[in-house]
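Down below are the structures I want you to see.
Next, two complexes with chain A in common: one pairs it with chain B, the other with chain C.
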Partner chain A sequence: MRGTLSDRTGAALLMAPLLLFLILAYAWPFLGVVKWSFTLPTPGLGQYGALATDPLVQSVFVRTLRIALIVTLVSVTAAYAITVVWVRGSPAQRVLAEFCILVPFWISVLTRAFGWVALLSNRGLINTWLQSVGFISEPLTLVRNEFGVIVGMTHFLIPFAVFPLASAMRSLDERVLLAARGLGSSRMRTFWTVFVPMTRSGIIGSAIIVFVFSLGFFVTPAILGGGRSVMIAELIYLRIFQSPDWGLGAAISVVLVLFVGALMALLFRYVKPKQLV
Partner chain B sequence: MPTYRPGPVSLILAVLVALFLLLPLLAVIPVSLTPSRMLAMPSGELSLRHYRSLYEDPRWIDAILLSIRIGVVSSAISTVLALCFSLGVWMFQPRFTAALVGFVLLPMVVPPVVSAITLYFLLTSISGASSFFGYDTWLGVAMAHSVMTVPFATVLILVSLSQLDRRIDLAARGLGASVWERATRIIMPNIKFGIVTAALLSFVLSWEEIGVTLFITSVNAITLPRLMWMGLRDNIDPAIAALSVILIIITVLVLAVRSVVTRRAAP
Partner chain C sequence: MQQPGRAAEIKANGIGKSFGSFRALDNLTLDIGRGEFLTLLGPSGSGKTTFLMILAGFVQPSEGRLFSDGVDITQRPAEQRAAGMVFQGYALFPHMSVEQNIAFPLKVRKKTATEIRQRVGEMVERVGLKGHEKKLPAQLSGGQQQRVALARALVFEPGVLLLDEPFSALDKSLRGQMQAEMKRLHQETGTTFVFVTHDQSEALALSSRVAIFNHGKLLQVGAPDEVYDRPANRFVAEFLGEINMLPVKGVKPADNGAIGLCEDRAVNMRCKAETVKGDALLAIRPEHMSIAREAAVGENGIAATAIASTYLGAATRLDLTTRQGSKVTVSVPNEVAAAALSKGNSVWLTWPAEKGFLLPDGGQ
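Right after this comes the complex of A and B.
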């Protein structure tokens, strides 16, 4: 029979499977993790107290914030440089820039981290070359430290930083730029006083996305940090699998979610979701 | 009409960034050709032994087959769920749509490590009741991957629905088409490109998923990224370089084909 299905039932039938799936497989277990943070090993707020006092946990938090800030600054700046050419370059330049942005974007995080190991490790490309030229006698330590982590994360996050910037640069009115140039403003001055301020929403969006991503980053720091510059995500992993302390791992996760939630709320106060893609 | 083009300073900076982006992808090529059993630059002779080990070593074959199986199953689950949900949103525009879509997108926004510990909790809880569906089983991994990929599939399908002209659906409705007919014969044929893209993206995301997989597998469900991870953490196996080169070549080819296809579709 036609027309018997009311809008409300139709919507409910179509939307229910996914909502149920995510409630059962995501929302409910997340509440379970929250419960762990309050009950393991003993009921109470002990794990959150440990977060506030444990010097190891605190040093990991400080390191994560420091690395995330540096990575955000470098990635957004680098992304800006290549996005200008991707959006405003000649057709050939655009194709090349797009290739350089999209190929790394689609390659798995493991392959990219491995590429940096191949470049930076003691027997890697850079050290082998520097030694064969006679520039250095002992290999430089470029990986298994914070430097390696920052390089690898920046490389991973530049393509993500590009998209909000590109969207901001595409939507700005080119005539304003031409007017500035026509009125005698130099290239540099037009760039800094007209172009950059007009892409402000893209810069903010891109910075917040990169920063949020860096806070919860796991794979790259674990491989390029070599266990020596542990970030929050790796600390959670270690607390779950190496020194079983599920309560502390869960408590760190809860704090991370709250922090990221606050940052996302901030993001959507400044930028409309549509400007991000 | 004159256009505003980037100047020489912009171009130089962009070239530097481009080199930085491509450098690690190029670096794996010489490493993959080393005759040594450890990570090293080839000195003198080159060797294809690490490429050979990819198809001679059963560990790599098993991991590749497992990753394909998990990718296909999880992509099917997430595409079907995302399609139904998006059709519901588009056809009926229920109240609280924004909140419901926001909820569906959570696994995409929440830091992956938090999703990982959440899914670890889920699968270890299930494990008690069932031995073939839970922690360290391929079905468990497929379900966890569906959770992680379904937001991306939903976004893609919702975007292609938003470009669809509502009037064709109104016409079908006015002519007496049922909800089922409208969905399958009017709407879905018009967004098939979006549906296929959603399925492909879900597969790719599952194929390379490592953050969550690390938390929910140990010795049985070894996907390809899991095996690469093990090879990267202990002593670095140059077979990973060979595999990386192959994956990079596939990516470049797919992107090249895609850009040719889209250029033909939209001249």
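Right after this comes the complex of A and C.
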């Protein structure tokens, strides 16, 4: 340990407001949610029993997992390609990649979701163009379904997937790649057998971040799914604000938080926190 | 294991490299013989590593051509040159075991599993890593990692092995051990070795020839004793080891060498005086000078006063000042140094004519 006792006390004091805020704004209210899940409408484990048997809840869980997995796969793959350009490209390519990574952060998630509706809807840009060129006669259903949700979520999450990957790629020893080429390995082979395995921690970190984000996504699936492809966060919203069935909504929340907590524990087992930024 | 005929012969013809306005390498012409152990020696930024990278194909020269066995390979990418390379810091694949690291170049070359197993086994044995095959690089000591790097670079029997300061991370005793081992590997494989270092004793101990670089220029290339005993200029003389410089006046050719005046005494030199005339510097290595009571007529010698001594164990280093104020260092047996210091400190320094050589005065 390098820091002295007073150093560490100082650090703790600086962290305290954040910690206090998290306790007051998240942990404490969440305890209330946990309580509802066991007490509403009647005390007991009834809501968890319903969770285990309700076919609607189960289908939403399965859909959420499926969408999250696909989004994770696509986002991490796309982010990997972007990050390679960002970290290892020519100066001009780096600037362009950086622009593409940072700009999405300045645009609200709502704006972006509606942007995709404008692009993907039956009378949207893509369908009208494809029809005018003559590729299709009937519009393709690109939105208000899982496809639309996956497109919107992937678009939103790619920048988040970039940072752990960039961190892993930056810490990689250039000479190892030179060594591989010097030993006769083509660029392609070096990429797959040396570069990718050496950025493994970045891939794991990036995948878990995207997956956890996807599980709790609300706005994008609500708009691009159009009520037909409901994900878990939207289901909680519906149970609390529309049904209203607070007990069930609370129970789903608790299960989601436990699941995400387990994933985060897994993340920190494989990746050190400083590798994520 | 390897036919000496498979070792590569390399010709560099007018190679130059600029990074922006920085001239890293200038008009380098050098022949590297089949199976020789050539060391590229120089301070950092002298161009020696740039030349190695050009040989490996990682850096494209700005001008000049490179030939391997008579074939122009200037444009050939690194992966097709088949040069083995050992990097500073070893550059092992951290996610692969010792065995997998060594097998990598064979797998790339699509050798059969049986052949790979057999050759990796041989190589592991040869570099003394038996029992460590399944370990990851992070689980090995520095010396062991070094052996993996050597094994990996030699397993596919390359025509040339390039080594970039491979021992810089090792402690002194391990360094000596690895140097001996590398010499053995060079003899066993018969491959051409090109070795980069900034350590002159390493260069002299290992190589069949040494090429000395400074400021992007190749200053001299020759056998270790040749460059040490007859350096082409002051930089080479000083870089290869400690050396005394004494001003000489009126240098002119004489029978089998040159003569001149040093500290008002006539001195003989065996080297040619054509390039150096008039005033020059006479360079003599500390171990080539001895302490005497007086210098005989016709013998090279100057009077000096001993001022300090440093005990080095096997010998003593004696610092002296000449009458005209030049500083001289000699390496002498311990009892000679003690006697020199006790005798009122005034002594004669003598040296054989063939051990002194002339360098242009004030020049590099």
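The rule is short, and it goes like this: the second predicted complex is superposed on the first by the 252 of 277 C-alpha atoms of A that agree within 3 Å, B and C clash if a C-alpha of one lies under 4 Å from a C-alpha of the other, contacts with A are read in each partner's own complex, and residues count from 1 in each chain.
The definition used in the following text is that contacts are C-beta pairs under 8 Å (C-beta built on N, C-alpha and C of every residue); 3 or more make two chains touch, one makes a residue touch a chain.
Please read these numbers as outputs of a predicted model, since none were measured by experiment.
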Message: Per the contact definition in the header, classify A:19: touching chain B only (first), chain C only (second), both, or neither.
response: first
Larger residue footprint on chain A, choosing between chain B and chain C, goes to B
| task | Could you tell me if A:114 is touching chain B, chain C, both of them or neither one (first, second, both, neither)? | result | first
Based on the superposed arrangement, let me know which partner A:32 touches: chain B (first), chain C (second), both, or neither?
first
Review point. When the two structures are overlaid on chain A, which partner does A:173 contact: first (chain B), second (chain C), both, or neither?
Key: second
Where does A:181 make contact in the superposed view: on chain B (first), on chain C (second), on both, or on neither?
both
- Applying the touch criterion given at the start, work out whether A:45 contacts chain B, chain C, both or neither, answering first, second, both or neither. neither
Between chain B and chain C, whom does A:62 touch in the aligned arrangement: first, second, both, or neither? neither
* Examine A:82 and indicate which partner it touches, taking first as chain B and second as chain C; both and neither are also allowed. => first
Dual-contact residues of chain A, meaning touching chain B and chain C, are 178, 181, 187
Chain B partner, complex, touching residues on chain A are 2-3, 5, 7-8, 10-15, 17-19, 21-22, 25-30, 32-33, 36, 78-79, 81-82, 84-85, 88-90, 93, 95-104, 106-119, 121, 123-125, 128, 155, 158-159, 174, 177-178, 181, 187-188, 191, 212, 215-216, 218-219, 222-223, 232-233, 236-237, 240-241, 249-250, 253, 256-257, 260, 264
The chain B residues in contact with chain A across the complex are 2-7, 9-11, 13-14, 16-18, 20-25, 27-28, 30-31, 38-41, 81-82, 84-85, 87-89, 91-92, 94, 100, 103-104, 106-107, 109-122, 125, 143-144, 146-147, 150, 154, 176-179, 204, 207-208, 210-211, 214-215, 225, 228-229, 232-233, 236, 240-241, 244, 247-248, 251-252, 254-255, 259
Within the complex, chain C is touched by chain A residues 173, 175-176, 178-187, 189, 193-194, 197-198, 200
So, in the complex, the side of chain C touching chain A is made of residues 56-58, 77-85, 87-89, 91-95, 104-105, 108-109, 152-153, 156, 162
